[in-house]
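Pasting the structures here.
The two complexes that follow have chain A in common; it is paired with chain B in the first and with chain C in the second.
Then we have the complex of A and B:
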């Protein structure tokens, strides 16, 4: 009991109370009187709202797909590396980018993506990019944000998956080997099914994080002096509502929508996957 | 065991205490200052006391605040350095929204590099009116004509302009002489020269259209009515009129023949590939120091200044304006006397504006002094007097609204230009975007 009390207190102070405050904001106006759903309606009618949803949705598709495919694949590869020293070195290497704070890693990428100063400018040139402006054309943004987010966040997940792979009982793996299963068959029929809960867990958290896309487009917007747009993602739009248009109540309404969508998505994933079923 | 200690009531009371404390914090934060206010100088003033003066400045204006402190050691000055809202970061606005909620924390005097701050700072109850008693009328009268237009809301002045950013035509004097070219006086001559340069000296540039403030340099000078603020919440937007399309076509031609760049002057590729290829460059007053001297490292006695071209048949020259900082004074200041003194000093005194300021001072007597000092420095190849003429030639039908014209151009026109679309073909999209942004801020738009 005492063990959770501290956590519960912090959760109330920094999680529940602010959320309650935001809900209060979402249903009231600047003067504090109840306005029903008008904040939700007025923000949804803003000309940037639908665009921002589209941007975030496309980004989520790229981000979640790449995360599931590459994280699982890299973790399986890592698990197959038999030399323990090579495996340690690789785990360290995967983890390093995650140690950089979000904003700092985005700055590293701004540098990498500018053909004039990038160490991989020849590669960018081969892809047909000669100026920073060409690289950050609006159509390229979902892919760019995915690359940045993957580089920053995937390493930690690879290490988590690797740990989960290590937890698969050796007799199961051995049985597969004795039955003559190839590496591919073992991965597909034994390892991935046993990783399922971890993958669901990763997708739930990555969905919630991805839906809150903010740092990447915001910094890119500053670096490109506006080309990437200050209202690319829903969270940026929320920020604009709150601090540029003095509409904190509208901002709270959009935040509520994000919360509801993330919780609903998590609920669907959990229900469909039997996440809490006992093994 | 700790868990079973009979301390449940005390835990509950701890929980209650934490909740009560949180509530108390929230209430006190929302309460703000409720002390009696007196209406004077056109606004309700907080009770005055002699406290330290909090001044927010950007890195460039840090010298100004330090110089004031040196000259006035008796004033307790708390100098806070911030980004000056550079690139429309909205830092000041963000903070003021928060201070308005918590009821404290506002700076007494603040510098901003954006000239549309008054448009929100008045609504937010932050900026104090200056022409109702704080700043004497004869001081205000000596600012350059139209300088404080961006600070004027409903006929009241709410900020003072730091510097002017009137556009002129910068050029490389030795290179022009070597190539045997004349500095163009009209946009038609400018266009002809661009075509000549493309044919005779490919690679050299007569201008740059890669920055987000490109419309302020070219479209404004062409009297394109993209941003005519006609009232506190009214704007006229017409980007497809003749005055807009003829400039768009001129630029498209020069971009096509590559005598006009579409990289921004501060972008890494411009600095690397085109720094020594600038033959001519229409741009604001601050280009002399910030672009040519500091960024492009153009050698001294190279850069000359001429008036911005005008269309043939135009009766009077007109030019655009790119930025120019403003100083705001907080309505919430509890030390208005010291704050006003600082504001007056920093915008008008020769010690800073007339001698040290990097940009063309908005206060005319200081500007005279500043021009003398610049000419005496010997960096420029010609006299800077065209800057003075241009200071009163800024076309007045382009205003400073709450939404950012630069952000709209950057997000909706620049990517198209990068992909090879012509500016002329992007004019309707530019118009649509301005209209949508203006309407979302509650502007009544006409075209």
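Then we have the complex of A and C:
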């Protein structure tokens, strides 16, 4: 079919082929001979590997929890704003940082977190942070990366959740109201269950996005000699293996692991939620 | 909330209208501050000198003179490098946007409106690839592009950008929920060719989804960091995202090893502002489609 030909070509070239390449490199050595799992074992024994997994895992917990709690809460609150003009303006304001993804959002937050120039330096001071170095202490990084990611990513999801709330049939909401349900009860027993699919969808995409953490720690390592190393996240580690240590096969092995975990998570999602039922 | 407390709260009178409104309003306003304050600060920071940035009120306006001076200093950095990076970004983002649209709109249309061999397999693989984190493929992509001798050319990022399964999925959802199949069947019966049906019936109806796919793909391409960071390390080929990253390492306050020829913080703020402005402009134009388009996706049950 001619309509899908171009897409199929791109799918093969930039979806299937690189995946195949990654598998091939992950199971071979520099000379191209099959090595079994030795690339996986040798990278797992790298002294930075377990640390990087830990960093990414802690970050994911913070990031997913804050996303679910705040996005759902904000969408529900916005949905109670009766003036449609006010609610639209708020959604727009929340969405603006979405345009600042990538390096720009990290730079903005480097400024926000630097007490010498930050508009909230008194807040930072009240929390006990007086220098940039204190703010970006290693223990704070998962929270800081969560703030950056939430700042850029939450607005879009709030818009999506708000839309999903709008799609709850009015008679359902009406029935809840007639039964005397409070706002809390309506939210907990009617609205949140009907958002379930969307919440799962958000968690899976946010998981896949969070697991590939790269630009935040990479830029922070430029801004703070020695605090966040160039090997904080798994993707930084693959970059380091591939381009600093010339160990393409090890990099491919780590990439494969990330890919398998993310696709497995996606598979669970597709199977459990029925979200993508095609027909 | 436990069952018992639910029963208890059901007996209670609902919270007073005014006080609950006040609470909702306060929470929403606090989040406005969280989302908008950094952007406002960024805009104002670009109008100050580095000393003003440290000493003056963070939310005060500097002067247009300082803004001009910052701009001059920024453009002087590596001889107009910032303008070159902006041009690169625009070139990369627009070319891949055009390819994305030409490829994904017909594909999503065909998946939604026609039956063909392999349709289901294509749909499933699109969904899987969509959920696959693209950054994990950066190293394999590098190897593939290297094998094709395209490293250091713009195609090394333009072509991978052009592959945008999310766009196909959005188009698919849009056509299968918002456009009745009967409409196309009627056109076919009137003797319209498959291509004619697509061009004269489907495409005009697809304007909202084209805008939506275009916006998302533009933003995704513009803000991507990892792929160009790997593929195009030469300064004169960098897109603006990677460029502002390299500016960062020339700011002495953030990187003590930067020499005295480095740039200052307000100039970095200005560079960040310049880096995001095209997306903000496109965003303002696309906003109408954004909200309605996201809702179109949300209606799928």
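Operating definition for what follows: the second predicted complex is superposed on the first by the 262 of 279 C-alpha atoms of A that agree within 3 Å, B and C clash if a C-alpha of one lies under 4 Å from a C-alpha of the other, contacts with A are read in each partner's own complex, and residues count from 1 in each chain.
Heads up, the rule we're going with is that a contact is a pair of C-beta atoms (placed from the backbone, for glycine too) under 8 Å apart; a residue touches a chain by one contact, two chains touch by 3 or more.
Everything quoted here is computed from the prediction, not taken from an experiment.
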For A:47, using the defined touch cut-off, is the partner it touches chain B, chain C, both, or neither? Pick first, second, both or neither. first
Contacts of A:208 with chain B and chain C, given as first, second, both or neither: second
Between chain B (first) and chain C (second), which does A:107 come into contact with in this model arrangement: first, second, both, or neither? second
For A:34, decide between first (touching chain B), second (touching chain C), both and neither. neither
In the superposed arrangement, does A:224 touch chain B (first), chain C (second), both or neither? both
Is A:134 touching the first partner chain B, the second partner chain C, both, or neither of them? first
If you stack the two complexes on chain A, which partner ends up touching A:269: first (chain B), second (chain C), both, or neither? second
Tell me which touches more residues of chain A here: chain C or chain B. C
Identify the partner contact of A:155: answer first if only chain B is touched, second if only chain C is, both if each is, neither if none is. second
Shared chain A footprint, chain B vs chain C, residue numbers 1-3, 13, 17, 21, 114, 116-117, 222, 224-225, 242-243, 248
For the complex, give me every residue of chain A touching chain B. 1-3, 5, 9, 12-13, 17, 21, 46-48, 114-117, 130-134, 137-138, 222, 224-230, 242-246, 248
Complex interface listing, chain B residues touching chain A: 2-3, 11, 15, 18-19, 22, 26, 87-90, 93-94, 97, 120, 123-124, 210-212, 262-264, 267-269, 272-273, 404, 406-407, 409-411, 414-415, 418-419, 436, 439-441
Taking the complex as given, what residues does chain C use to touch chain A? 1, 6, 9-10, 12, 14-15, 20, 24, 27-28, 31-32, 34-39, 41-42, 45, 53-54, 58-59, 102-104, 106-107, 109-111, 114, 116, 120, 122-123, 125-129, 131-144, 159-160, 162-163, 165, 168, 198, 219, 222-226, 229-230, 241-242, 244-245, 248-249, 251, 253-257, 265, 268-269, 272, 275-276, 279-280, 283, 287, 290-291, 294-295, 297-299, 301
Chain C contact footprint on chain A (complex, rising order): 1-4, 6-8, 10-11, 13-19, 21-22, 25, 73-74, 77-78, 80-81, 88, 90-104, 107-112, 114, 116-121, 151, 154-156, 159-160, 163-164, 166-167, 180-185, 188, 198, 204-205, 208-209, 211-212, 214-215, 218-219, 222-225, 235, 238-239, 242-243, 248, 251-252, 255, 258-259, 262-263, 265-267, 269-270, 276, 278
